[in-house]
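Shared chain: subunit A. Partners: subunit B in the first complex, subunit C in the second.
After this line comes the complex of A and B, so read on.
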């Protein structure tokens, strides 16, 4: 178990992380939060890309420094377009201090895992966005890290590639601790066993998928959209849905307003309750 | 690391724009160097005549390496690779070092090609002994150092600046270090020229002058390429400063010593910055008011304020002997003791010492400080007591008479040591230093110790590390020199220039021939006199001292050295020269000229007597044919030899008549 304790980070006067504390357990952990919540800053601090203003990352006994133990797929990922896939991975292999004799086999192994072995002699510049992301995952897998950190891994991918990623992430979770940062709740719902919700530089919630979903227990309602006032202070309109051909609004509120019907919450409802302060 | 390097080079090679850019640069380097080599082999030019060519294009080097480094190092950012690289905290520096190694390797390769071609020119010119280290040093300072600076700056820009800002900075940098930026301080100087407070921003721009100074009008054969201490300090300041700033990017971020190393480099940069600002004797050939060849004119002819008075006061004593100790480092450092004789000085000892040398102390033979005052070039030591010896300590810069680490040029006609009495130094008519000033025709005994970093020679004989002998005014020259005995004279010349030893042989021979033909009884080149070539430092002049001759032009000009400057004798001088050098050509040209009319001659004579410049210009433009025809008629009437002697005597005299008057007045008595 890796423990993040009271991590703080400021950009000039803007406090990006205000004492973030949570634990990372084996399996997939989803780091959820709206844009600007501080997710990428948190990952960068964890990996040592930027130096945090305070706090620490506590490793289990015997574990190496996190930046050596982690494979990282950043939000914007790229490689020299002029190199082949194999050369690009070899480049990162050197940065990961993989012995020269082992690097070829390991590249093949990682490419096999991401189903790109046949493209290893292709120039990086010729790959599609999804293939590029998979090369990034292969690069993250180099050196057999115990922790994989993916920042917005499905952003910009087409549905087929998203499905492929989810399958891949699920398979990787068998051998690695995986932290996926995203604002797309469906991805986490499909993959994660734990969820950490970050908002305005603070952890709003941390727990299992069920625990996070339960945050919206008794606070999730359906109502005819004619009754719903989007500007109301008494509740938050999550989205509009159609049930049996009737237009309804899915609403989050501490107490049920008149005419609103309770309904079963989802992870998204739990996430919204956490970030909108509907407790 | 080797793997990273291999892939970085693969990127450079496979990205066509980079590869073409690099190829164009390497081809230019080879072509410029090859052209110099061809120039030498085909046309037989040697030394700086050849080597100065490619130096003019040195701005290409830092420009190329700045763009290349910026592009290569910002490429990972453009490819969105930075973050995934930075995640490897302990090893990410390898990536940046590998990226930096590419322009560095290209620089090493290109520099080797450049240096090899230049050294081939040096060796093929048989000048290795003289120029080898000079050319290597110049290549390092003018080419390698600016390129290293450009690479370091490129690294910083790639880390800090986006495309637009990055390229704006590149353009600004290339402009500032390039020759065209001189317009900025020049405009400031020109705009405030007449103002009481002249704005001189040249010193600020000097801190950006990392390239060879503009040598468009040729490199001094004595000085060579400017390699002054100040230029090394400026280059060192930028390299240390930029290294200090960029060190955190290329060192392992987990290494705690990085901050100390960075701070140390910044401290070194600060020290070098201070060193670059220290006063020094530097060859400056730009448009600044105090540029080497403009310093005297700016000082003596200064506008807006009262120019310094030129005094002529007899000393009332004689200097029997000089004991001098000179040291040429950043500037000239001097300790000069004068032994006085025939002392009737009254209440003060008066000396002349060039104003650029700042006196630090004046003392008597016991070491007691003497009271003195300084007014420009004139030093007055107040003392009614009789002193056998006075010692001056001073340090400074002599303008075009430079003494520094790489060159010494202290001609005898220049007061780089205290001269007895107040002597006028500046001729306001010709706007030149008075170069024919003599030390009252009285020689003194000199014993001189000269500590310099270059070989130094003098008209004084050297024995046991000291120059000892009797002279009217000793000359010291050091740098890229050679000395050769030619026709009984010790000739000091500069093999890397365009005046080879044979030139002096021919000029001395022709001077003697001219002197024989015009009947000179006492040659301008006295027996055994030392001959010095022009150093090309700006304002080179032909000058004659009793035991030293400075040749800045051919034998004919030497013949007329000492002739009074008269505005209405120029055409006659030309005709006289033609008769001496090419009499056949003169005959052919003049026989075709029409006979001048009497009224025309009379009118021209009137014009030539005018003191007005515009009238004299009108005269010069219309009198050419008349003067030549009258001169030719005179030759026909009196014979070549008689006309040569008579004309020479006239030109050397203070005769008030104009050249037309001279040519129409009939035969004159020739002065012996």
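After this line comes the complex of A and C, so read on.
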């Protein structure tokens, strides 16, 4: 278990992280939060890419230095576009101090995992966005790190690549602790066992998928859209749906307004309750 | 261990050069093919001594130092502007300045045949050649330092061009100062000054290269 304790970070007067504390357990942990919540800053502080203003990351005994132990896929990946996939990975292998004798086998192994073995002689710059992302994942896997950190891994991917990523992440979770940062709730719903919700630099909620979903228990309602006022202060309109041909609004509120019917919450409802302060 | 470290550094420098693509070939093609070929052609066609002298000095003082910064501008661009460069900072890359020195050394080695050709033909003194080498080292170090201090490559290009323009008068001033200091100082002072400043730029650039700016 890796423990993040009271992590703080400021950019001049803007406080990006306000004492973030949570635990990372084996399996997939989803870091959810709206844009600008501080997710990327948190990941960078955790990994030592930027120095936090305070707090610490506590590793289990025997874990090596984190930069060797962590594989990281940045939000945008497009390094070394003129090199072939194999050369780019060899470069990262060299940076990760992988012995020369092992580097070739390990590159093949990582490319096999991300299903890119046939493209290893292709130039990185000629690959599609999804394939480039997979090169980034292969680079993250080099050195057999125990922690994998993916920042917005599915952003900009087509549905087929997203499905491929989810399968890959699920298989990686068998051997690695995986932290996925995203604002796409469905990705986390499909993959994660733990969910941490970050908003405005603070952890709003941390728990299992069920615990996070339960945040919206008794607070999630369906109502005919004619009854719903989107500007109302009394409730939050999550989205509009159609049930049996009837247009309805899915609404989150602390108490049920008149004419609203309780319904089963989803992770997205839990996430919205946490970030919108509906508790 | 040290041997392994050097191999790793050379390998990194090689891949960083390769990542420049076709533009990586500009300095070697210019200093090992075009400049010597032009020089030999001028001599073969019995051009005037003034024309050969002008060509040699233009090549050595105008083109060669500028091309010394060429690779550095491209290599640092990936590091300070590349998509996903935080990955490179995660891996705590140290020894950026040593990689820079490898690139500068490789460039000076490529320049040497042309430089020696010019020196052997009597169109340039060896002492002036040392100043030109120091000039090359300075401009490449300046590109390295500026890129990491500003975390952007355009300021590095501007700094290199600006200093290249003012370098001749600057060197004249240094030579004049050196000449008043001691006999022969007009060659030693500019070379030493440029070498010391370059070392400072590389050391400070190395420190700044470890700091990520997103």
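Everything that follows uses one rule, which is that the second predicted complex is superposed on the first by the 279 of 279 C-alpha atoms of A that agree within 3 Å, B and C clash if a C-alpha of one lies under 4 Å from a C-alpha of the other, contacts with A are read in each partner's own complex, and residues count from 1 in each chain.
The definition used in the following text is that a residue touches a chain if its C-beta (ideal position, glycine included) is under 8 Å from a C-beta of that chain, and two chains touch if they have at least 3 such contacts.
Computed from a predicted structure; not experimentally measured.
On the superposed subunit A, the positions of subunit B and subunit C overlap enough to count as a clash. Of the two partner chains placed by superposition, A:183 touches none, neither subunit B nor subunit C. In the overlay built on the shared chain, the residue A:144 is in contact with neither subunit B nor subunit C.
After overlaying the two complexes on the shared chain, residue contacts for A:113 are found with neither subunit B nor subunit C.
Of the two partner chains placed by the overlay, subunit B and subunit C both lie in contact with A:77. With both structures placed on the common chain, the touch criterion links A:164 to neither subunit B nor subunit C.
Only one of the stretches 99-107, 369-377 or 549-557 belonging to subunit B has C-alpha atoms clashing with subunit C in the superposition, and it is 99-107. Shared contact residues of subunit A with subunit B and subunit C: 44, 47-49, 67, 70, 72, 74-83, 87, 90-92, 94-96, 100, 136, 139. On the side of subunit C, the complex with subunit A involves touching residues 7-8, 11-12, 15, 18-21, 78, 82-93, 212, 214. Residues of subunit A that touch subunit B in their complex: 44, 47-49, 65, 67-68, 70, 72-83, 87, 90-92, 94-97, 100, 136, 139. By the touch criterion stated above, subunit B contacts subunit A in their complex at residues 1, 3-4, 7, 10-11, 14-15, 75-76, 79-81, 83-92, 94-95. If you check the complex, the residues on subunit A that touch subunit C are 40, 44, 47-50, 67, 70, 72, 74-83, 87, 90-92, 94-96, 100, 136, 139.
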